[in-house]
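First chain written, first letter: the chains are A, B, C and D, and each begins at residue 1.
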Amino acid sequence: MLVRTDLALEMKEDIETNEPIKGVHVSTKNNGDTDILETRIVVENEEGAMNLGKPVGTYITLESEHLRERDESFHKPMSKVLSKVIKNFIGNKKKIMVAGLGNREVTPDALGPYVIDNLYVTRHLLKEGIIKHSVEISAIAPGVMAQTGMESLTVLQALTKEIKPQLLIVIDALAARQSDRLNKTIQLADTGISPGSGVGNHRNAINKDNIGIPVIAIGVPTVISVPTIVNDAMDAMAEAMGKYGPKNVLKKFNDEEKYRLACELVNPYFEKMFVTPKDIDEAVKRISYTISEAINEACLA
Amino acid sequence: MLVRTDLALEMKEDIETNEPIKGVHVSTKNNGDTDILETRIVVENEEGAMNLGKPVGTYITLESEHLRERDESFHKPMSKVLSKVIKNFIGNKKKIMVAGLGNREVTPDALGPYVIDNLYVTRHLLKEGIIKHSVEISAIAPGVMAQTGMESLTVLQALTKEIKPQLLIVIDALAARQSDRLNKTIQLADTGISPGSGVGNHRNAINKDNIGIPVIAIGVPTVISVPTIVNDAMDAMAEAMGKYGPKNVLKKFNDEEKYRLACELVNPYFEKMFVTPKDIDEAVKRISYTISEAINEACLA
Amino acid sequence: MLVRTDLALEMKEDIETNEPIKGVHVSTKNNGDTDILETRIVVENEEGAMNLGKPVGTYITLESEHLRERDESFHKPMSKVLSKVIKNFIGNKKKIMVAGLGNREVTPDALGPYVIDNLYVTRHLLKEGIIKHSVEISAIAPGVMAQTGMESLTVLQALTKEIKPQLLIVIDALAARQSDRLNKTIQLADTGISPGSGVGNHRNAINKDNIGIPVIAIGVPTVISVPTIVNDAMDAMAEAMGKYGPKNVLKKFNDEEKYRLACELVNPYFEKMFVTPKDIDEAVKRISYTISEAINEACLA
Amino acid sequence: MLVRTDLALEMKEDIETNEPIKGVHVSTKNNGDTDILETRIVVENEEGAMNLGKPVGTYITLESEHLRERDESFHKPMSKVLSKVIKNFIGNKKKIMVAGLGNREVTPDALGPYVIDNLYVTRHLLKEGIIKHSVEISAIAPGVMAQTGMESLTVLQALTKEIKPQLLIVIDALAARQSDRLNKTIQLADTGISPGSGVGNHRNAINKDNIGIPVIAIGVPTVISVPTIVNDAMDAMAEAMGKYGPKNVLKKFNDEEKYRLACELVNPYFEKMFVTPKDIDEAVKRISYTISEAINEACLA
């Protein structure tokens, strides 16, 4: 299927039905007195995976209007909630590697590398006996294929074989379908990262199958793909033009066909482009800091 | 009028006619044995300005397929041609200020600041008597309003009053309408920079009227606006659907009305977004270097 | 006199006496339950200025072992104390400009520009009516002379004339004499910044006399000058060698003569060099964040 | 032995003798009409290694006054000569990995990562069939231990096992003894990189023994260690003070004892510091570009 979003939450929303999706369990909760909405989507079996279009596993989405804002005080509660969720995934594992995917030089793709910049790594301190009794944290920003000539997956396979962590946490910038989810949503998944549109295409599935240890993926949507925007505009246009317009024509297409049409309508060069907000620099800096703090706290506190 | 492009060349192309546009003179030339196409658009009077939608003045566009490529050897000839054009604009002026507009932290908007990084400034060396007989070059990256609280125009008005250059060269990232012009087109204009869509909106007209000295603008399109893409898709869709579709409906709209429709069709949040290629980091680094070298050579050789 | 330190505190320590220095008043206090030591040096008159080698005014030094550490929780209290001190200097002024001096591309000199990156500027929001009743903050990183061809003073004179703030806050990296003061000391002074060794020499006195409005300087020592280190080693060597050594010879020199000797002993190329810790990147990032937060709170809370 | 320099050339100069050093062969040549002096030091056997203090192998030093200058035209010839030397080392190997050691965030240590930024990598293009018949180039900036918790050696061992190149080229910033060698000397060695002072201590011997394939090291001295400077000042002081001074005392020490003394004379904190020129940002940017171009040409032309 053509990927329009990296968010399980949006894939669920795409399925226009009020009935439960077979093999998929969805629950939501509020977090205390914060405004943070937590949606938990569990894809229970292969039937669910087929229905949702996402591998079997657990997807947790944290959403907060405030994540997009500058005020540091709004980032603390998100960091706390995120830390708790990460801690649950970690359990009692004692050796963790964190990988910040993406291209440090392209602002909306720099989320992963920026998280690594603020992480508190401990592996060398433990090896040298400077600290004791801490969880072992190592970290890497593997770069992107255009810079290294290597898939991120390949770099991580090599390093995990050598360092032998019990858990890999990967951070990546994602693509969303809805513009108002950008920079205010954090998705955690225990399925790793499946190849998607994202910002770049620096990814071959980084998951337990390929790496050999559990892989937790933390992602934030920072871009939208161009065909997504055209698709939405097409819908709006059909709606607006009513009976004089293409509504009846478009009706004949299902979602995937419509998306394919959108892809064909735009210049093929656009496949290599992305859409991102003008204030993306601040957003990425702030959110990467929120994620670093959450990982630091989950691992070390 | 709603701005869809910062390129005079594209505004000319928008006017679908084979007859000359009144008050606008267009000529093209090839540059020796290079592949660089030079288009010179002279807006001769207010009638021309009305017709083209650009202020009276001269707009020179240099285009080369190769500007998008990595190979350094393709950048040398562009740098040479650009240098000659800049030298013509400079004439015998001896005191020049160069301003690199845009946000260093947002990749496609970093063109201006990057050009400043590689410039050979001389003002302090002349003042201290370290060098003699050189053109006086000063340079500034004024930042963007969200970082400084000040319009770029305001910063440049203040500095030109103090430093008293005879000419201001401003560098900025531009918006184009056609994706295949991104990162392979350089526009020079003696009209300064008019407020436009660009990457950010960090601009109030920086021109002779507001600054008091001639202003040359050098720009490279690095982004496309979201409504532009939707507009193009709308056209393609109307075409594709033929008689069953909205072609006849769309026919009733003129270009501006159609663009307005495109704006309405997309989420208002998209107004604050831009579309840019995935390899934008390399493109901006290379082209900024080409421009720095051209200015260095035009001023100092 | 040859400047070995930008810290008033160290200049006071250089004067080896237990008696009070005429015209200079020194007091210290602890800050609540923090480990932050606050030293207040008031140079009361020209006699004091002669004796201390610093202009008339108030110098406040905040010192904390913890400022050098990674743990974010140690930075909060420093930020709070600093905020209070800044607030005292601001009083009821309503229009403030903040200038981050230094070279963004040289790690220990990037303190000023980094502070600007995290500042909450309001001038444009007030102008556009988006917010009301706030203190007006504008900000600029004027760059260094080698990049701009202009003194920082010149850029700031031009901008304050145009923007008309009531107060200028300048941030800069400083040079210290003692290595164990680096990255754990913050100095505030209401005298502005006098030309000093610092990291670069991007400074002509930025003070009330030259700018026309009160100037508060906030500085952190991030480097040591090379002759300072040689001077200290000379002293240590003289001490170590005792009667066989140069102690008696060195005794004949006063402090300034000894420093001059140190300068002569080192290669003249070293005058253009600086000494800085290997972990300077983290230190500068963290402290710049502490200062941004303190200014944000002092201005906006 | 305490390391004062990473340059074989300076270690040879330290040996004050006019007679040839046993087991070490030294030759120099000029490069055509350039000002580039090439010194070739061959450590022929273990005796030579003992005498010089460097492992058996070939060390080539390229020196040019002009490398420190801005003018791009001076960098071209160095790039050409360097390219030829690299090509000789490469021979007919077809799979090469390039590693840029050091900390991107600390200016004088960023040489390695900057070289990677401008490299033309081909591994993925060959894999995808986009290009053919080219040498396979992959590249990595492994970061420093404080950021990753892993030795650079460990990261490179893991990656070479996975990617299986036939040759590893490592780039690193070096420490020199003489300030006037900084930023104008390039050293190539077929011995890899031995643990040294450098800027950081991010290195365990990266060589054929540890990696399993030939390792070529390319380094540029960008810093001087603090004890080196004190040592030189001590010598100068002893000289200056003549018979009244410590000359006779210092005479009793050999070079290593004197260096140890210098280390003791300076604050232990200085061991973690380095000395670097104020214009280091430009120097590192320019030289990294020269090296990238040389590698690109050596591999691809």
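Note that contacts are C-beta pairs under 8 Å (C-beta built on N, C-alpha and C of every residue); 3 or more make two chains touch, one makes a residue touch a chain.
All of these numbers come straight from a predicted model, not from anything done at the bench.
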- Note on the structure: Contact tally winner between A-D and A-B is A-B
- Query: With residue numbers as the basis of comparison, which of the pairs C-D, A-B or A-D duplicates the interface of B-C in over half of its contact pairs?
  - Reply: A-D
- Note on the structure: dist(centroid_CA(subunit B), centroid_CA(subunit D)) in Å evaluates to 42
- Using mean C-alpha positions as chain centres, tell me how far subunit A is from subunit B in Å, no decimals. 35
- Query: At what distance in angstrom does the C-alpha mean of subunit D lie from that of subunit A?
  - Reply: 40
- Message: Give me the residue numbers in subunit D that touch at least two other chains, ranges are fine.
- Response: 105, 146
- Of subunit C, residues touching subunit B in the complex: 105, 116-117, 119, 121-125, 136-143, 145-151, 154-155, 157-159, 161-163
- Task: Would you pull the subunit D residues touching subunit C in the complex into a rising list?
- Result: 103, 105-107, 146, 179-180, 199-201, 224, 226, 229-230, 232-234, 236-237, 240-241, 244-246, 249, 261-262, 264-267, 269-270, 272-282
